[in-house]
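What follows is chain A paired twice: with chain B in the first complex and chain C in the second.
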Partner chain A sequence: MAVAEQIITAPLTKPRLRRAPLSLASFASYLQAIPLTLILAFFLLVPILFLLVVSFWDYDFARMYPGFITRNYAEVLGSWVTWKTYLNTLKFAVIVWAIALFIGFWVAYFLAFHVRSAAMQTVLFLICTVPFLTSNIIRMISWIPVLGRNGLINTTLVNAGIIPQPIEWLLYSDFAVVLAMVHLYTLFMVTPIFNTLMRIDKSLIEAARDAGASAWQIMWNVILPLAKPGIAIGTIFVVTLVMADFSTVQVMSGGQSASVALMMKNQMSLLQYPSAAANAIVLLVLVLLLVAAILRVVDIRKEL
Partner chain B sequence: MHREKRTLGFYVLAAFFVVFVLFLYGPFSAIFILSFQGPSGGLTFPLNGVSVHWFFNLFEQQAVGNFGASFGRSLMLGLMVMVTTVIVSLLAGLAFRRKFTGGSPLFYLTIASLVVPSIIVSLGIGVLFQQIGFRPSWFTSAFGAHLTWTLPFGVLIMFAVFNRFSPSYEEAARDLGAPPWQTFRHVLLPMIAPSLIGVGLFGFSLSYDEFARTLLTAGTFNTLPLEIYGMTTNVTTPVLYALGTVTTLFSFIVIGGTVGIIALLGARRARAAL
Partner chain C sequence: MSKAAEIDLVSVSKIYGATTAVDAISLKIPAGTYCCLLGPSGCGKTSTLRMIAGHESVSIGDIRLGGTVVTDLPPARRGTAMMFQSYALFPHLSLIDNVAFSLKMKGVDKDARRAKALEMLQLMQMEGYAERRPAQLSGGQQQRVALARALITDPEALLLDEPLSALDPFLKIRMRAELKKLQTTLGISFVHVTHSQEEAMALADLVVVMNDGRIEQAATPREVFEKPATAFVARFMGDHNVVSGRASAAADGLNEFQVPGGGTFAATGISVEAGAPVDAAIRTDHVRIGEAAVRGLGFTGTVANIEYRGASVKLSVDGAGVSDFTAIVDDKSFYAQPVAVGDAVPLHWDAEDAIILGRPFN
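Right after this comes the complex of A and B.
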């Protein structure tokens, strides 16, 4: 216990040694960073490196055979079906991102600039946050009674005489997939944008107005540039979540649409692990490239 | 703050906000209502009578899956993940208050943990455990898989907290002769307690609802989200909605309780400050 106390409290007592490289304080930092390092090393780094190895292995219906073959990659990169699946996933990412950005920005803008009391801001923000902390699958299947052939929307429209027969593409279509993804992931856009908007000094806006800027100019030249970091962080969240999604695509398209992760999941259920691993590596490289591109726009470490 | 007259923009955006909230909560209210479907009712409207039949059905032996046992596992796993996330994130947050060699790579590894697609984590841990001969189970491999999702959130929240935290409180305590442990226990900890509770809520909720990372790492016994995921393809009665209602209400209670505790802490501190 005494040791634990020392580990926890040591940094608080030695701030003046901050710059000394081998001080007791930096030793404490190492000790404090050990649990995080070990967990991420064992459950993130090692498994991914292992997948890289496995992606070169051979396999049959029963087991995997260690080796070094490039057939798994040849299958991934050489197949027109796989390319179409990757393009389809990117298509979902772009559409969902654009819609989430539009909704997320205006919701955050409303909360940050139009709601005047801090208490009201907190309450409204919590209302937006609560669904995020409930089950994704439940939120997804809750669209079924709304969108289905005999669902709420179709029944209402038919009974009102607006349409002669139920609309078929509401559920089990790309439309349903995009709708459910926007429903699931827009919050990841609202939160970071709200966070950056809240930190904009209101006097900057007043100064712009006093200098004769129109509402449009204030938005374009003052608010948007300052909101860029939040938009970037939200973009990282939404894009990576959509790129990784298999359940929404599976449930909401009724098996009619495909995504990379869904393809991986099917390979996994057929025990084609090396094949799935090759897909995992390609997907990972693609996602990391996208994130790296976004990070060029903004240093998120400064923004926390 | 001076009060201006509300502009047209305000009303447009307020209406937009209301529509967004309806969009967020609307579908859930549909399954909430449908979970009270009569015994002969189906998966869609209209209601065929009102009953709690499907809630009772939930606790009976199911053709597919066992709700009670998987709920117990998810609850236990969520609590394990919560405690680990709070402690590890706090320690990492303290570590990052100073620059240290390797700090930057560790930070980027944490961010990577957030952006790596969940199914890749699931596949990687699952295949790794299989090859080194460990049997995957919800309290080992799935536990680790969940931590790769909850820890980045925890660490980033602690980052944000300590970035805004003035060291002068600790300096004052030290100048008054408080030993390190007292400074930590009586100065730092009470000030960051609400954030730690928030980290705990994130840790629990994210784990309790996670299933992509559990897919290949849960081993023999399913967690609740896996059970629900299985039910989406096999179950064609409103019992699915009853389960959705019960587990969502459980989430609401957890969130409400946590927000209540944070508000209580804030009120107590405000009173102490007077």
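Right after this comes the complex of A and C.
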């Protein structure tokens, strides 16, 4: 509007500098953004800044000494235990991501393309979210009576005479960790993929069929490419959640497996806060690099 | 390229649960015909097209294409290609890959299919945009790409689902001319679903007017307009007054009928036995102001509304048991003897402009 007015009045009046009047209205949008800016600043930026500062401090068994030393980082990056732990965490992330993607995609696909009525879609989707009404810990612990040495699966199999003695690796193993993580995090894959699949125009699938595409060709050439943004968002959720997980690893592996977050927790319980902070910064950088890599591959702007 | 085939629908029905969308229609579309399926929304025209395309199963009946029964064949093996209402271009593919899609599905190698796709884009004068994405195109350009994609399969019939409805009025008229030209060049049958009678009249060799899952009339545009088969067709095509009454007598090829609580009218056409209900269509643009020479070919009513339309004037007249009777009078004769709202005005027309309409078989 303002531009149009200027164009119209320009030939009639001498060109002169006219500033927009300083009114409340011109600040309104800034005012509206202030609450969120403050929340993010105080609860995200400031803590990360503290973390960064503390990661350079010195410490002994009793207290921290402000300073600027790089020993914490040297310890983190120089120890093969750290590298093994990071690799182990990445291994969990990759396995859980792959399984969650497989299950999540098909659940979302079923919801989006095979459930006809919108009401049924909502109901089934809500059923997917029902486990999330309880806490992570409870859902995790509830696996113990199922998987344990004298748990549901082992007793059933032994009593049925299928196996002579209980399977040991069901609980307190990497298998148990992966199982629990998949259980906890698959919904984070289902939701974004379901969202993108719902936006696919059904006539695109008909057009593909009209062009002679088989069901698999439609999946590979139309649905998967169009679901990519959802897959990327789900991947970001799952990878960041797994990378930051310590309780699942601790409970389900029975202390036999390690993760980066678990390592940090242990350092904190030994009051080695600067060391834990350095670890946290390294993990943060690693996760940010992973997210950046995903965003480079897939354009998710359309979904946000 | 011309391997046009006749499309033959044999009492085809489409039943969704308790509702019958298409009710036992039979239709022969000769090879190389531009056929328009015309009707209001919900009349079954889109279901019919989708059944021909193979995107909707046929509940009862058979569809033949060039002598082959295609009722149970998948869309790609019928020899038809469909152009969707929203064009359904793949948003993640460039135009050339969109057009080459069906060749890719067939396993044609990349260079060959891209060469063929570029050829199709050239035919549509879209080769300059080959590497663009559909979202970067205007509606008319998207339509051309959709046409190229449909025609690359070398179909025997092209099925178009409301192809012009997404375009602005100016573009509509331009694309309509392009469609007609394309059909003439290719020589294959086009089946075009539309709710616009203007579009159907401009394009079609064969207009199929549908209502309520049935075919009301299938004929050339001129015949549909000049001799509408039913009251529905007359009303839907527009430019007709439909007068309903009961037959009273027949004389000199004119059927007289009585409008309940009103006057007596006469119309030409099939004779109707006395007492039977009659609908007659009277062309609005053939009505003239003045006393009728023959009884029944005119009436006197009160002018309810006058609309000036430039070259003509539209009068709405009530009287003789008929309300909202439209007369389009050319401006010269109107201003020679102007009338005003509320005036009583005699109207008359020629015998051949009032025709008895058939009743839909119930």
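Of note:
In this text, the second predicted complex is superposed on the first by the 272 of 304 C-alpha atoms of A that agree within 3 Å, B and C clash if a C-alpha of one lies under 4 Å from a C-alpha of the other, contacts with A are read in each partner's own complex, and residues count from 1 in each chain.
One rule holds in what follows: a contact is a pair of C-beta atoms (placed from the backbone, for glycine too) under 8 Å apart; a residue touches a chain by one contact, two chains touch by 3 or more.
Values in this document were obtained by computation on a predicted structure and should not be read as measured data.
Of the two partner chains, chain C is the only one touched by A:Asp210; chain B is not. In the superposed model, A:Asp201 lies in contact with chain C only, and not with chain B. Counting residues of chain A touched by each partner, chain B versus chain C, the larger count belongs to B.
Of the two partner chains placed by superposition, only chain C is touched by A:Val222; chain B is not. By the touch criterion defined above, A:Val76 lies against neither chain B nor chain C after alignment on the C-alpha atoms of chain A.
By the touch criterion defined above, A:Val249 lies against neither chain B nor chain C after alignment on the C-alpha atoms of chain A.
Shared-chain residue A:Leu184: touches no atom of chain B or chain C.
Those residues of chain B lying in contact with chain A across their complex are 1, 3, 9-10, 13-14, 16-17, 20-21, 23-28, 30-31, 34, 43-45, 87-89, 91-92, 94-103, 106-107, 109-121, 123-128, 131, 144-145, 147-148, 151, 155-156, 159-160, 163, 167, 170-171, 174, 179-181, 183-184, 188, 201-202, 205-206, 208-209, 211-212, 215-216, 225, 228-229, 232, 240-241, 244, 247-248, 251-252, 254-255, 259.
Per the touch definition, chain A reaches chain B in the complex via residues 5-13, 15, 18, 21, 25-26, 28-33, 35-37, 39-40, 42-48, 50-51, 54, 103, 106-107, 109-111, 114, 116, 124, 126-128, 130-131, 133-139, 141-146, 148, 150-152, 155, 183, 186, 215, 236, 240, 243-244, 246-247, 251, 261, 264-265, 268, 273, 276-277, 280, 283-284, 287-288, 291, 300-301, 304.
Across the complex, chain C is touched by residues 201, 203-204, 206-214, 217, 221-222, 225-226 of chain A. Within the complex, the chain C residues that touch chain A are 53, 55, 74-77, 81-82, 84-86, 88-92, 101-102, 104-106, 149-150, 153.
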